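Paired with subunit B in one complex and with subunit C in the other, subunit A is shared by the two complexes that follow.
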Partner chain A sequence: MYITGIGRTKFGVLSKSLIELAYEAMYNAINDGPIDITDIDAIYVSNFLGGPLNGQLHLNSAIASLLPDMNIPIIRIETACASSSVALNQAIQSLSQFSNVMVVGVEKMTDSKYMNPTDAIAMAADNILDYQNGLIFPASYALIAQQYMLKYGIGHDVLEQVSYLNHKNSNLNPLAHFSYKDVSMEMIRQSPIVASPINLFDCSPISDGAAAAIISKDRCSDRDIEILSSHVSTDSISISQRKDLTSFNATKTAVKKAYAEAGINPDDLDIVEVHDCFTISELIALEDLGLCEPGRSCDMIENGDISIDGRIPVNTDGGLKANGHPIGATGLAQIFEVVTQLRGEAGKRQISDHEVGLAQNIGGIGGTAGITIMRG
Partner chain B sequence: MHYHCKECEKSWSYPLENCIFCGNELTVSDPSDYKVIGCTEVNVPSIASESVPYYVYLLEDENSNRLIQKSSRKYEMGDLFELNDISFSQLKIGIIGSGLLGSQLAEYVLQHGYLTILKTRSDENRSQASNKIKKHISKKLSDKEVEKYLTNLEVTTDYSDLYDCDIVIEAVSEDIRIKKEVLAQLSSVCKEDAIIATNTSSISIDLLADVSLRPDRFIGMHFFNPVQKMDLVEVIIGKQTSIETQDKIVQFSMDLNKKPVIVKNCPGFVVNRYLLPQINEAVKMLEEGVATKEDIDSAIKLGLNHPMGPFELADLIGLDVCLSILEVMSEGFNDDKFIPSKLLIEKVNEGNLGFKTGEGFHKY
Partner chain C sequence: MYITGIGRTKFGVLSKSLIELAYEAMYNAINDGPIDITDIDAIYVSNFLGGPLNGQLHLNSAIASLLPDMNIPIIRIETACASSSVALNQAIQSLSQFSNVMVVGVEKMTDSKYMNPTDAIAMAADNILDYQNGLIFPASYALIAQQYMLKYGIGHDVLEQVSYLNHKNSNLNPLAHFSYKDVSMEMIRQSPIVASPINLFDCSPISDGAAAAIISKDRCSDRDIEILSSHVSTDSISISQRKDLTSFNATKTAVKKAYAEAGINPDDLDIVEVHDCFTISELIALEDLGLCEPGRSCDMIENGDISIDGRIPVNTDGGLKANGHPIGATGLAQIFEVVTQLRGEAGKRQISDHEVGLAQNIGGIGGTAGITIMRG
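On to the complex of A and B.
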């Protein structure tokens, strides 16, 4: 299985509608590789909040409106913030029937007429157990950050460094939400508290955007990237149903299977994209993926391991923090970055060794995890 | 709007740039004549369409492009449909005054597809009003659309530019002397069949009608602040207002997506005649020490489900405006219940006019 085309939009506060954003990413993916739109046998659409924020469901049919007279199977997948890695996983599964499948992820989060994004995003947690008791999304991650900080004795300064690194990387990515923004440690430290101990610069932004990829059974060009494995795992939805908040079982379970199927171990990875919806989740991801021992991710940051020129570059596009987090497109944006790096087409942010890459995309507070491993 | 690929003979209803099948640039179809090929009268309200009944039409042009449009107007199958949002209406609307209501009204009328001309007093007001309208409409529209709307807006300081307006709405300050001056100017520049409407909250239409030199084509249109949100227009019929003028203004109000109510000329019309005695009564209760102003506001909001309490509302309207309306009504009806309370008069004399001066009954 190969990724034979990728495309995305800029992320940020955009004027285009949900459907126009999806089209732009699909158009770019088609024009990236040798596959024509008429070669596409099926499409998986990833989107989280089209219903609550845009008043738009039945997205598979909405995508069909963009492809007049094609009448191919189109299916919408929703697994909160993990929607696009799960859509990709389903697309890969469908290659038993099809030759070329497109995955498109899209989210239009700003300028909603219907609902405040804070309430909409909270639908990723348990409505009765969590939301009704005031646990909005940043509050969930605040409790996780607190548990982690207590368990391993680290301070907020480590989280500040995660934010700083992601913002620096986004300055090298012209499509990133904050590509233009010069962020200093001072700005990060002085940003307002959202839910203690999490401040504004610990949070990924509310973004609009779309990303798409074409998955093919056969290799089509020398720019194709091979998919070595793709696995999805799940866990309970409310953090009140978890024993340990400093690690996500869904990530650990999925990545174990993904490494085994790909026949690699963490040391073989040259580039990793992790789901840093909040800075704390980047620390947890590094540990859950086996890149370091539990509680030691702070050393990786301290030693410069995850920088673009480090031992194992992480979130070279700026991550969710600074590349942006248009939820339904996020997992595919990670794939876009890994593919771009593995092809050696990342320009100013190109890493030196680029053979094997991994993307970790999670939904809610680790209730879903999608892991994809790719080889250039 | 429809977007076509000539190469692939495919079309889209979204503003897309290139064809995903062949990469060619899409061409935008010029809005053409749409015929009604299907219609339904809807009687069940939804959040997007609260007022019922309304009509929904399935339209088709000669290139088989189809479109759904909502309208309050009744069309028959096969009729040509007037697309307000796409082709600008041929009616030219003049708005006099770029104050709070005038500038909102110009923006609202423009957004509803009318050629709009706004008359301001000074060059400074002219550029301010024009920038404000541009900023507001830019929020929701693409640059292309904004450009298209702005070509239909003219802001001027010269009355003679209003010579070809079909309807002129005067929205200058609530002062009979100023209104008379404006109407005298309009009567000399406006074309013979133009309708002149005055947006007044209390001044008698009949006192102004003669100055307009066309009393049969003179009428009141009382809009409410904020114009974008408040659906009501009181259409005030003077003694000499013709039925044709009334019909045209009722239709115009509906085309603006407002609900017109027809009111015979009388002090305060409907809304203010009902509201101001209530506000006056609240002030009297405060004078008597029946309850604090905060508690009176709370009582009215929570007990009657009003969105604002009487003191909050009075401050928003402006205490000077409240006082002047009460004075007009107490004179007009010769009825004690309209006599303004002492406390209201005191506040106005002190210059505490409400929200606009930073203090009225409440501080802001």
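On to the complex of A and C.
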């Protein structure tokens, strides 16, 4: 199966509504490839916080309103921050009966009149065991960063480099939340503490945005990107139930299956998008994906391995940190970037070798993981 | 493919939490059939209001917490009140790659500390076009009832009979929200108006509860029920976008495909479960499913056709009206009833002929419809 069209909006603090954002991404995806909207057999909609932040659930029917009288199956998936990679996984699965399926992910996080985004995002954690004890997400990831730094003896400077690299990449991405913003190491170092050791520049932003993709059973054009494998795994929701905070079993389980099905190993990857909701999760992802040994991701960063001109470029769009994190759209924005790079259409941020790419998208504190491997 | 296990909780105002309810239904479904929990390849979780009412999203990971180290794909589906028939549809689709899949639907609607259920349920309608203009669900269905009564010249007495029949059936169902409650025509007639012409006994209750099913590729025991077809269709979310309020295109589109795939017609059905969130929607459902001509469902009720001992028994468990409507579980409770009847295990409410059954589950004001046809 193939990705035959991609589209997205700019990410950032946007004045469009949830549905307008979804429409824009869907429109762009349709116009990107040869598949017409009337050829779409089903749609998967990914969204995390439409209920709590926008007072809008039943988004599959809201999308149906954009397509009068089509009456096709439209299904909404919610698996926290992994919603859109899981929606993509389900869309791929649906090709057992359909020819062309659309996936659209959307989130409108700013300007909610219902509640603040931090409390809403906390709904991805265990309400009783985590949230009611103060474990909003920056606090949970601060505990993880503390554990990781203690276990492997690294300092906060490694996290600062992750942040710096992502911002450097987003400056080459006109659609990023932080595009063309000069961010210096000095600004990163001096940014205020959110939950020690995590400071402001360790956190991805609250973004609005949408992204979409068309998935087809058959190849349609020479710009199509083949999907080699897609796998989803889960783990317990509360960090109180984890034996180890420095690695996520859901990522490791999903990627093992994904490598096996694709018939590749980590050395074959030319581009990787990882879920850096906080800088610490980028380090953990590099290790969980098998790109280096546990505790050695700091070397990859130090050696320049993950830079755009490095051995294995990571988050060339700026990642969640700087491209932005409109939650329901994030996993599809990763797909957008991998497809753009594999096609050789990434402009100023184009990588040199671009045959095989991987996207890793997680929900909560690694409670859900979605892995997609693609070939150009 | 086959339904090889079913389980549910009692419906009603319950003191268990969202996760405890889900666990109980899952436990009962596993114990009902020959499939062990370790044989389950994936789980689909259906829930509508976990975010707004319980502060709990990412329910797929919360379910993973009940199954330590299984790390299987668990996916949450939300399509308003049709969530669980759509989750079932996706589970069936997943049998293209899996052998045994669980579907669990759950809702904890009472005792929310976050918001009132009526405002939360309104998130299934268009926030801008419907809710902000006062169209909470009883108001929308009141407009529909007005249109229907005007178009076909029927009085409120037909709706009263629908309510009476459902309560009569729920008295034979020990798991119903209203079990063993004597409800007289007098009580129904004299109940307070909610939104004219809809009175209290035209409305399904606010219920807590869960239901689950195991779906297997291969037949496992002689209690298995075959799934002949499952289809999902959508329509616009706002009633302001509909040309006709007295019929739902999503139901008609889905059931047409479902009959064709199953190779049956309405006359072949021995039992039907319809989505009577309000009594008027039971009348519309009977017509949209082709059980009678448009406007003639009143005859079916008058003639006793839909009674337990009638020509085509409908909502033998009491329907949403009297069995209850814990939204994310409702579609699976319908499946529970059809399977129980087709197996011949329905006790005091057992129908005589029980070969083929259908369940119709809708979301919002018919914005989503899920149809499942089964054979014993």
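Keep this in mind: the second predicted complex is superposed on the first by the 376 of 376 C-alpha atoms of A that agree within 3 Å, B and C clash if a C-alpha of one lies under 4 Å from a C-alpha of the other, contacts with A are read in each partner's own complex, and residues count from 1 in each chain.
The criterion applied here is as follows: contacts are C-beta pairs under 8 Å (C-beta built on N, C-alpha and C of every residue); 3 or more make two chains touch, one makes a residue touch a chain.
Remember, predicted model here, so these are calculated numbers, not experimental data.
In the superposition on chain A, A:I136 contacts neither subunit B nor subunit C. In the superposed model, A:I30 lies in contact with subunit B only, and not with subunit C. When both complexes are overlaid on chain A, the residue A:E20 reaches subunit B alone and has no touch with subunit C.
In the superposition on chain A, contact of A:L172 is made with neither subunit B nor subunit C. By the touch criterion stated above, A:P68 is placed in contact with subunit B and with subunit C alike. Of the two partner chains, subunit C is the only one that A:N249 touches; subunit B does not reach it. Touch criterion met: A:T38 reaches subunit B, while subunit C stays clear of it. In the superposed model, A:S236 makes contact with subunit C only, not with subunit B.
Where the contact sets of subunit A with subunit B and with subunit C meet, they give residues 17, 65, 68-69.
Those residues of subunit B that touch subunit A in the shared complex are 10-16, 18, 20-21, 23, 142.
Within the complex, the subunit C residues that touch subunit A are 17, 48-52, 54-58, 60-65, 68-80, 86, 89-90, 93-94, 96-97, 120, 122-128, 131, 231-238, 241, 249-250, 253, 363-364, 367-368. Contact residues on subunit A toward subunit B in their complex (touch as defined above): 15, 17, 19-20, 23, 26-27, 30-31, 36-38, 65-69.
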